[in-house]
Amino acid sequence: MSPTTEVRESSATAVHAPAGRRFELARYRDLSLVPVLLVLGVIGFIVSPAFLTSDNLLGVGQQATELSVLVLAEALILIAGRMDLSLESTIGVAPVIAVWLVLPDHGARFNGLGLFPAWTAIPLCLAVGALIGAINGFLILKLRLNGFIVTLGALTLLRGLQVAVSQGQSIVNVPTSFRYLGSASWLGVPAAIWICALLFLAAGSALAWLRHGRALYAIGGNAEAARAAGIRVDRITWIVLILGGLLAAFAGILYTGHYGSISADQGNGWIFQVFAATVIGGVSLNGGRGTLFGALTGVLTLQLVVNVMTLAGVPPLWNQFLNGAIIIIALIISRFASGEKQE
Amino acid sequence: NRGSDSTASGSGKPAIGIDLPRADSDFWNSYAQYLKQDASSQGLNTLPVSNSQNDVTKLVANVQVFQNTGAKAVVMAPQDTGAIASTLDQLSAKKIPVVSVDTRPDKGDVYMVVRADNKAYGTKACEFLGAQLGGKGKVAELQGALSSINGRDRSEAFAACMKEKFPGIQVIELATDWKGDVASAKLQSTLAANPDLGGVYMQAGGVFLQPTLALLQQKGLLKPAGQPGHIAIVSNDGIPQEFDAIRKGDIDATISQPADLYAKYALLYAQAAAEGKTFQPGATDHQSTIIQLPNGLEDQLPAPLVTKDNVDDKSLWGNSVGK
Amino acid sequence: MADPSPVRGPVVEADAISKRFGATVALSDARISVAPGESHALVGRNGAGKSTLVSILTGLQQPDTGTLRFNGEPAPAPGDTDAWRSRVACVYQRSTIIPALTVAENLFLDRQSTGALRPISWKELRRRAGELLADYGVEVDPTARAEDLTVEQRQFVEIARALSFGARFIILDEPTAKLDARGIEKLFDKLRDLQRQGVAFLFISHHLQEVYDLCSTVTVYRDARHIVTAPVAELGQQALVEAMTGERAGGTEPRWSVRGRTGTGGDTLLDVADLTLPGAYQDFSLTARAGEVVGIAGAAASGNVQLGETLAGLHRPQQGTVTVAGSPVRTGRVPAALAAGIGFVPEDRHIQGLVPQRSVAENATLTVTDQLGPYGTVLPSRTRAFAQRMISDLDIKTPGPATPVSALSGGNQQKVVIARALATEPHVLVAIRPTNGVDIKSKESLLGTIREVADNGRTALIVSDELDDLRVCDRVLAMFHGRVVAEFEHGWSDEQLVAAMEGMSGPNDTKESNVSHH
Amino acid sequence: MSPTTEVRESSATAVHAPAGRRFELARYRDLSLVPVLLVLGVIGFIVSPAFLTSDNLLGVGQQATELSVLVLAEALILIAGRMDLSLESTIGVAPVIAVWLVLPDHGARFNGLGLFPAWTAIPLCLAVGALIGAINGFLILKLRLNGFIVTLGALTLLRGLQVAVSQGQSIVNVPTSFRYLGSASWLGVPAAIWICALLFLAAGSALAWLRHGRALYAIGGNAEAARAAGIRVDRITWIVLILGGLLAAFAGILYTGHYGSISADQGNGWIFQVFAATVIGGVSLNGGRGTLFGALTGVLTLQLVVNVMTLAGVPPLWNQFLNGAIIIIALIISRFASGEKQE
């Protein structure tokens, strides 16, 4: 109940020294979860000597890969000022459709249509993801429907589509090419970790050093102004939504390889985690702010929490409670570490 | 440096990692309690029990922790039978045997599957209902989630048996996603359209029992068994609430899914596995049979049909739990 | 004045342009032509279609009909932003600053690097930004985030950006609305500089004096139509106003009359003592009587706006008291200020003034919902009646009380904000820049309304840096860096007041009496 | 001098009559789902004669009650410009805690603490709901945390709390007073329907004719302007959040009575439906717009869809798909019927 407005306090102080300091702080906003990660590391180290083994840490890393690809997609979309809830269904439905198009139409527990050769499974899966993004983009940008509800509808619809196509089964007999990326190891480290790191690096660099990457911040910050500056707002937004669908489909490929089958509820309920990770990592829900590095720390925080809780042997009944509590605590720390209100 | 704290609860026995599939259902909580009792009464060395909240990715993460903390055997109940495949491969590469409870993984080596046959549940329910209705009428089936293997097995067996043995009975399938309120809403719509509904098959008593009873009560359709207008109800799980309902005549039967035996034999096989024992297909000493699977063995535990006649049988786990 | 070195026709020539938004006709068969090197003014009342024309000339929107040529060539294709930018640069009426980005990036948005695939060199960008800003004498750190800048600094960033494209034709849509006197001077110096280099301007402003100061040709729009284009020298101020309003101006004298301090002998209504808000203003004291309009003049960082907001309860001062009609007011709470009889017209109607999607009636009665029915109810009939009275009292042009306020023109929206402030029948009306962005006709009637408040035995405080606003005041306090530096009686000269606002305690004029309270 | 004024949507008035017309249309925005309801009614009538029986319609009505109380709560919160995702957990955890405080500490399958007499179960439950709303309000309004993520964390945390307190069981032995409202019938119509109608009527009237109700629209439409006009923005927002928690707890009471026990995942996953119903019913996610009547039509639409699909015997595999499709279709219809962009 603050009676006094806090509007434009800063505009009263016309000086640049404080502006400079504000800026320094703001740069560290992306690092605000680093202390949380350190604390988790220390706790992990205390509760179990197994924590700091490369086995354990690589395990945590690989478990984080699929979620982090989704978080990458959502972070890009959020930075551009939009939202996509349907990613959590795309991660499941895109592989199912691809495999359904590819698998032979007889002889196995799950039969497909056999329309395409097996090696096309990955490109098809990515294409399906991109198509989903494109359709969402059409509904949001052309028909001007509310993006939150469109993608919420899409979330339900696509999950339904997956159930309908797969008849609710997990699909085990997927083509080997489809399974490779999620299960291979390169130089002793899961391939998925390398790929994820590469994706974050590439996208992070694009956001930091390329004009079209910077355009996302401009669009998310003030779409009208971006348009006035000559940025093709709708086109770029559309591309970002398509890219989001594509990344989600790619996460689906990693998931399939990692867990050995296309599971019937692959990604179900993940969108909450995706949002939690992205936002505690410092990406703004209102667009135009945040970095991929921050988002990555968000994923790692959530994943480490699960790991540490398991190592510590938290009573199963209290698992979920602690999960929620930690989201809120991380949010509080990130708010005070960055010193910024989150509205 | 594996196994550094594997002797936490001591006595030099091999460490067993146990993952619970979920903490929000009566059945699985009973299972968890039995596990705890049995483990401590037998002085087993269990790692901290984890809970994968019905999420296979959490299950995999937890299993990885077991691996890293020196488990010599793992007990799990993968609700997603496909997505556990690569984890099973990994465990078998590390020579850690797996006991899978309640579900049979599609792929990957398992030491032993401990479960009652879900197809048998469906068939038993069908046979009982068909007999009650005299082979004709309408039956509503409250299914689980379509993506659940157990639910699907029950549905398929129920449908197949009805088609074969009671072609005069019309089955109305209602998908509920294991949600009581959805089940209630759909059952209500079905009752409006089919006032002559003669029977209900609930695939999970823990979820559907109370909502169904409340609905029938409100509509004045809850007549004790034997009275005209009684709707025959077969449930599944064997939790104490179902037994109460059978005693009162609200429902007719349930299939007791043996939570106690699940826990008991899961631990027994895990311990045996860790000690390097092996088993052969064939009859066992506890009224069950071990059968050979492509990827391991399966001990098919008995899942008795419970009716008014045997509801007070002390050997039913629903009569001994919780009190 | 202009040096028409005819290259290939006018830098821009728009003909028979029409544009509709749904049922609203924004432009109807309008035209404009700007010769090379010419500085061309475009004036018209709020909603005349000026900004719409701007968005068409800059390629943001396409006209429904009409032709557009630059330097005699047809306009670029709609999506070809690079081609548009090479022909015309623009300072838009709405801010196009992106708050979360740095100043440097805002300046070079979408041209941070030379190619889409070439990485941005941030060091180089900072250097260029620093140079550009130094060119305008704006002391801003290029790495500061734009949201941390003052409104004026932000406006200069916009201006610097637009001018830095090197276009030969530049549009400025009300660029001075957000600048104080010194800022305007700085801008005009720069523009004259560019003028000398042969750059052509299209300049939009509601300050007709600026038109006369800067421009050689003027075009008037009214009701979406082109009315007249003439050299400014041939069009007197009165004729210009007539062209804008379509009515014969009733003489140059405004409706109101200012009596000066001596003419007001009422009771003391407002007494402010030693008010201090750190970082904004210090030790402010003031006594105002019934019937008096007091001006609080001051440039951007003078603290006068914060002072006004403090009186309205939006900030809690560190020390000092406010007394209205003899009873002390609890500071820092809007409801307390309202109850004590302080009415408030906020600085920016878009931010603090209006709830855009709600109706005129609702907005106008927002402060008096407790008076519109028994037991905390708000009766629609009474709301409507109340709003209807406000609409006729203040002459608000709206289809009805139930129209969403966002559908009104800027001037009429501002009147709704004033209606909201007057609804409580305040003893003291605090109005911050009450005529901001409002056309000359509406401005006159708004100021008349404020004058009327005082004439009915109440007090009004006008917080502004616009001399036109301050002319209705019986006396004016000038603030600089948070302190009152001078007080002027009615009849001050522009130069003195401007000098005082800029902190130059002017030559000892008889009318200046240094900070005399009570 | 707004640095980032957004584009205003509604049209303006060079010509007066058209603005008038637009406005008329805008008033019908709340009715935009009425055609959808009519179409559903016709389809229902065609697919089954049972559809138009009072039995069926009252059934649909009663099934809608709990969801509609949540929608009422969410609509109020959204109109005031906020969001609360945790309502879906409050509906479960508030009854559990109340019952746990009340039930005797021995002798039954689920034992409580026996701290209070049984008749206090309802007041306790409401108090717990209000407390949850108050805590959310504290985190959002005092600590200035992002409301979306705070309530997302609370959603997980509260569900976890319910699991921990109830030990994952469904609680059957609830006090009879607690069960009455959800199961009783008054004048042949379920009591819950009467109560819901009353709640919507009361809240709708408050929004239309009470000062503080009207203030919600002002706060949601432009909080700064509301503050400058003397409205106690933070206090009222806080009260609305508390009221939201209280209503959710009340929905929990109705739910318990209706389904005969406090089920372990009471309300789980409902928040998607709550948002879908509220937004297709015309309430804006950005605050300041919408009516409770519209929100109610949203709930009824979703509920009728399920009813009609069940009566039509849609294959279970396609259920979820159709559910999603219908959300999107309703959204499209509501967008074109109201003629407004939804952003």
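Every chain is named by a letter (A, B, C and D) in the order it is written, and numbering of its residues begins at 1.
Just so it is clear, contacts are C-beta pairs under 8 Å (C-beta built on N, C-alpha and C of every residue); 3 or more make two chains touch, one makes a residue touch a chain.
None of the values given here were measured: they were computed from a predicted structure.
Asker: Where the centre means the average of the CA atoms, what chain is farthest from subunit A?
Answerer: Result for max centroid distance from subunit A is chain C.
Asker: Give, as an integer number of Å, the spacing between the C-alpha centres of subunit D and subunit A.
Answerer: The mean C-alpha positions of subunit A and subunit D differ by 28 Å.
Asker: How many angstrom lie between the CA centroids of subunit B and subunit C, rounded to a whole number?
Answerer: A distance of 72 Å separates the two centres.
Asker: I'd like to verify one number: the distance from the centre of subunit B to the centre of subunit D, where each centre is the average of its C-alpha atoms, in whole angstrom.
Answerer: Centres of subunit B and subunit D (C-alpha means) sit 34 Å apart.
Asker: Rounded to the nearest whole Å, what is the centre-to-centre distance of subunit A and subunit C, using the mean of the C-alpha atoms as each centre?
Answerer: 44
Asker: Among the residues of subunit B, which ones contact at least 2 other chains?
Answerer: 23, 146
Asker: Show the residues in subunit A shared as contacts by 2 or more other chains, in ascending order.
Answerer: 5, 7, 163, 167-168, 221-222, 224-225, 317, 319-320, in rising order.
Asker: Name the residues of subunit C that each touch 2 or more other chains.
Answerer: In subunit C, 94-95, 97-99, 147, 151, 313-314, 334, 351-352 touch at least two other chains.
Asker: Run through the chains and report each pair that touches.
Answerer: Every pair of chains in contact is listed here: A-B, A-C, A-D, B-D, C-D.
Asker: Flag every residue of subunit D that touches subunit B in the complex, lowest number first.
Answerer: 48, 50-51, 53, 55-56, 59-60, 62-63, 66, 109, 163, 167-170, 172, 183, 185, 190, 255, 257-261, 263-266, 268-269, 303, 306-307, 310-311, 313, 316-317, 319
Asker: Which subunit D residues qualify as touching subunit C in the complex?
Answerer: 1-5, 8-23, 26, 208-212, 214-215, 217-218, 221-222, 224-232, 288-289
Asker: Using the touch definition up top, name the residues of subunit C that touch subunit A in the complex.
Answerer: Interface residues on the subunit C side: 58, 60, 79, 81-82, 84-85, 90, 92, 94-102, 105, 109-113, 116-117, 119-120, 139-141, 143-145, 147-153, 279-280, 300-301, 303, 306, 309, 313-316, 332-334, 351-352.
Asker: Note which residues of subunit D are touching subunit A in the complex, please.
Answerer: That would be residues 4, 6-7, 139, 141, 143-150, 152-161, 163-164, 167-168, 224, 227-228, 232, 234-235, 238, 272, 275-276, 279-280, 285, 317-325, 327-328, 331-332, 335, 341-343 of subunit D.
Asker: Show which residues of subunit C lie in contact with subunit D when the two form their complex.
Answerer: Within the complex, subunit C touches subunit D at residues 21-26, 47, 49, 94-95, 97-99, 146-147, 151, 154, 177-178, 223-224, 312-314, 334-335, 337-338, 344, 346-348, 350-358, 362, 366-367, 369-370, 372-373, 376-380, 397-400, 402-404, 406-409, 420, 436.
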